[in-house]
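Below you'll find the structure I mean.
The chains carry the letters A, B and C, assigned in the order they are written, with residues numbered from 1 in each.
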Amino acid sequence: MAEQRSHITATDVAKVARLARLDIDAETLVHFTAQLSRVLEHFGDIDALDLVGVDPMTQPYPLVNVLRDDVEQPTLDTAEVLSAAPEAEDHRFRVPPIIGLEG
Amino acid sequence: MPQSASEIARRVRTGETTARSVVEEHLAVISRRDGEINAFNLVTGDSALRAADGIDARVARGEDPGPLAGVPVAVKDNLCTRGVPTTCSSRMLEGWHPPYDATVVQRLSTAGAIMVGKTNLDEFAMGSSTENSAFGPTRNPVDTSRVPGGSSGGSAAAVAAGMASVSLGSDTGGSIRQPAAMCGVVGVKPTYGLVSRLGLVAFASSLDQIGPFAGSVADAALVLEVIAGHDPGDSTSIPQPAPSLVAEVGRGVDGLRIGRVVDLPGGAEPEVEARLEEAFAALVAAGARIVDVALPSFAYALTAYYLLAPAEASSNLARYDGVRYGMRVAAADTNAMYAATRAAGFGDEVKRRIMLGTYALSAGYYDAYYGKALKVRRLIADDFARAYSSCDAILMPTSPVVAFPFGDKVDDPMSMYLCDIYTIPTNLAGHPAMSVPFGLGAHGMPVGIQVLAPTLAESTMFRVGGALEAAGRGA
Amino acid sequence: MSNPNAHLSTVVASGDELLAGGWELVVGLEVHVELATRTKLFSGSPNRFGDAPNSNIDPVTLGLPGALPVLNRTAVELAMRIGLALNCRIQPCIFHRKNYFYPDMPKAYQISQYDLPLNADGHLVLPSGTVVGVERAHLEEDTGKSTHVGGATGRIHGSDYSLIDFNRAGVPLVEIVSRPDIRTSEQAREYVTELRAILEVIGASDAKMEEGSMRVDANVSVHKPGTPFGTRCEIKNVNSIRALGRAIDYEARRQIDIIDTGGEIRQETRHWDDAQGRTHTLRTKEDADDYRYFPEPDLVRLEPTPDWIESVRASLPALPAARREALSALTGYDTRSEAIVVVVERGQHGYVHAVADAGGDPVRALVHVQQAFAEEGSTPRVPASDLAALTVMEQDGKVSATQAKQILATLVDNGGGDPSAIAAAKGFEAMDTSAIETMVAEAIAADPDAWAKYCAGEEKAAGAIVGRVMKASKGKADGKVVAAIMQGRRSAG
């Protein structure tokens, strides 16, 4: 685990950038890899902690069963919303061909 | 220094002055000073004057326009304002007009406050210096060669320069308290869930909380009373009415037990350490008792935070994809459009954090990073719980350093992240904390002392804050 | 999410379930159903099919900055109804974010449930008696809809651009994941048919595969009994129950052919083309997504209390299985008989009980409803008392079965009526038995060969005699009476 942590490679960063849909050029990739690896190196400090049996904490305040009634609320105006869209056609949002995303 | 909000509201409600003249005075300060300071992304002068006239008309009709009648307020530009651009200081959202107001904006308006503009921030609230803004950095009104802190640097500077009486910021890891300290104003991060997040553009949803900046502890309490309280539109909003806080400010600290963290990570500037000692002494003089407490996991908060916050951010910021609103860079297919749009729309710090968070959540790394950070978060909350069994509030510096010159840390993420070392743990635990100006540090820059309290113990926090403020003024 | 390889099936195929060559089919089904709520899972926009594009949208639906989800109580309760109907354990649970980019997914993450679903570890007993395990039934939000414009086929490949409608985005879904307990395409169809009936009965969903409010994906693999499960393929785009059976049969054949010729099955998602009757590769496991699931911080824990669960349970109507039991008790037919299965599927079981309550003969009522009410809904227009009167007339021998069918057709056409008046109008006075006896004697005299064969035990030969009697009586003779007379004469020797 600790080995995984300290060595983030340019390949890792490129893969993460792809997952996050961020175009980055080769120079930036090198730069980011250096910065992220320094940050991740620092993050190795938590390996010193004994975390066995510790309950993960996802939220600060333990609320349960927050629900709303199944009642219609006003909707947004279609024309107004579409006028803010980068591209729209026929009451819908228009996007370039969808390739390599099917599923 | 800003004009007192409670004083403005009193004079407007009694007709001693008009909201219009108050707003005009503030707009004049803005036009005089903001060219240099750049606290505002947008000044909403015309609508502010219209709103002021509305308040004055209500006063003339004998109505009460509310506890913040005529108070000029600046709003961080990551809070949605109906029909008014909300950019998060990002190219990505340039030109976007939200179709709704954030709950806090609505509540301010209902209370008679008047929005004078939207303030600058580190893009999507990611940063500690307000240098990561697509619209240029904000300057510290105390010394314009220095940063105002961040990410709510614009809101802190607006109040410090008297361009607004009070303002709103958001605090995910210290983004209210740290700039408050650096600009010499009061800044409050409430208990997670006390203030609705509806309409706050999310950075890290389990950590984000909205709070006020003000020139005094009492004004901060007044604003928090207005914006706090249950909102059914935010599932994480605590189902309780807003607490009564203004009355607590002058109650004193007689008999309160104030925690001193014996194992606090070092690294604070000597002047900052000295002010902290003076603060403890002032509280003792006011009747409080100092209690030693230990927070053994405190030092690990930084790592936990810089894994959790980017992880949530990587997901929260995925919606900026060029499909429904905001900018788009044209490309041959949707996937290429996404990557080109996001590359052009986000600045470097946002990209770094998105990548860090994506990495922390990705297959094979989840347990080593994100999963572990959640456990560290629990340890930190447990530490605080133990500490608060023997004390009522804890005192520590807000920031290890005073406001630094531009460019000092902007390309060294780790040194920038270390600015948040004292503020982050309360976000992880979800507790309230506030920064109160307390004397000066190196280069004559303001120092902020941080008051931490347990969940929903804002009343205790404001008592301690009030006592610190009183002692600081006397000093 | 189900992993057939991790689960050792408890279901053992009987010999006749095996495919040629001794292969056994293994199927698990993932069924998505849209819940019949008024509004979306996390916001107050209408959940309505067929509205103008992008009319049912709000900040949450569109994933606008600053928007926050709030969970719909009715959606939770409908999901709990599904869980209870499928014998699941209803448990404390949380929501997760499933992160992926797609233009019809507004936030670039889907709010779903991951390691802690609302409903877990249930099962469904099919009418045939087959038990299919239900691994989980969890809540999640639906996506918007993409329309691909341009290109030759209107399909995604080769299109010029796409248009997105977010009306469906955020509509509440329950994903019901079966265990890989299904061994034949017939069982798969039966499972979906029964599931659909349950969902309709409990009011959870209109469950229309054609409109997409019920969507079925099939995980299909083959293996030899006693060996580990084979590599599975997930079949998508199965838009009817009939297509489900065809797709599974095709896919099994395809996989067996590959293995038989020395090939290996690749784990992949395949698209069913109903027109061509084949599946083709949609995407392979190599480009598997990394969904980066993590707990949704904008929503809090959902903890159904025992009281809440019991109040939902108390509001559940009788399920199809119980309805079949009741009809079986009423008629003496087996719960698996086609008449009972079909009538319950159509929701006409209550009507059969009503006919019986009105004094009608239950068996005749059941058969009539099965045969003549296919086009009627769960509340046929013919008053139960009218059908009851008809069955009584048959019972009393006042009309023949053939005549009864004609009267029934008139009842259905007219939405009811007095059966005896219809009988009179059609001239259906039942023939008295002595007249029929005379006709039988005449028929035997006319065709002694047939009679001899019938007396020798060749039952088929009876047809010739009965046919003559029917012809002579112009269909008025009751076939059963004719048969009884013939049997009487034969045994009398």
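By our rule, a contact is a pair of C-beta atoms (placed from the backbone, for glycine too) under 8 Å apart; a residue touches a chain by one contact, two chains touch by 3 or more.
All values reported here derive from a predicted model rather than from experimental measurement.
Asker: Which chain has its C-alpha centroid at the greatest distance from the C-alpha centroid of subunit A?
Answerer: C
Asker: Can you check which chain pair, B-C or A-C, has more C-beta pairs in contact?
Answerer: Contact tally favours A-C.
Asker: What whole-Å value do you get for the distance between subunit A and subunit B if each is reduced to the mean of its CA atoms?
Answerer: Here the centre of subunit B sits 23 Å away from the centre of subunit A.
Asker: How big is the gap, in whole Å, between where the Cα atoms of subunit B centre and where those of subunit C centre?
Answerer: Their C-alpha centroids are separated by 56 Å.
Asker: On a C-alpha centroid basis, what's the spacing between subunit A and subunit C, in Å?
Answerer: Distance between chain centres, rounded to whole Å: 40 Å.
Asker: If I count partner chains per residue in subunit A, which residues reach a count of at least 2?
Answerer: Correct list: 19, 21, 58-59, 63, 66, 68, 76, 81, 93, 95-98, 101.
Asker: In subunit C, which residues are in touch with two or more of the other chains?
Answerer: In subunit C, residues 59, 62, 70-71, 101, 103, 162, 164, 290, 292, 297, 299-300 touch at least two other chains, as defined above.
Asker: Could you pull out the residues of subunit B that touch at least 2 other chains?
Answerer: 96, 99, 206, 232, 235-236, 314, 318, 321, 323-325, 334-335, 338, 358, 362 - these are the residues of subunit B that touch more than one other chain.
Asker: State the interface residues of subunit C toward subunit A in the complex, per the touch definition above.
Answerer: Within the complex, subunit C contacts subunit A at residues 37-39, 43-46, 52-59, 62, 70-76, 94, 100-103, 146-148, 156, 159-166, 269, 282-283, 289-290, 292, 295, 297, 299-303.
Asker: Provide the residue numbers of subunit C that touch subunit B in the complex, in ascending order.
Answerer: These residues of subunit C touch subunit B: 59, 62-71, 97, 99, 101, 103, 106-109, 162, 164, 290, 292-294, 297-300.
Asker: Within the complex, which stretch of subunit A touches subunit B?
Answerer: Residues 1, 4-5, 8, 12-13, 16-24, 32, 35-36, 38-39, 42-43, 45-46, 49, 51, 54-61, 63, 66, 68, 76, 80-81, 84-87, 93, 95-101.
Asker: In the complex formed with subunit A, which residues of subunit B make contact?
Answerer: Per the touch definition, subunit B meets subunit A at residues 96-97, 99, 191-193, 206, 232, 235-236, 238-239, 297, 299-300, 302-304, 306-307, 314, 318, 321-328, 330-340, 342-343, 346, 351-352, 354-356, 358-359, 362, 364-365, 368-369, 371-379, 381, 413-414, 417, 428-431, 455.
Asker: Can you list the residues on subunit B that touch subunit C in the complex?
Answerer: Against subunit C, subunit B makes touches at 79-80, 86, 88, 93, 96, 98-100, 102, 197-202, 204-206, 232-236, 311-312, 314-315, 318-319, 321, 323-325, 334-335, 338, 358, 361-363, 366, 370.
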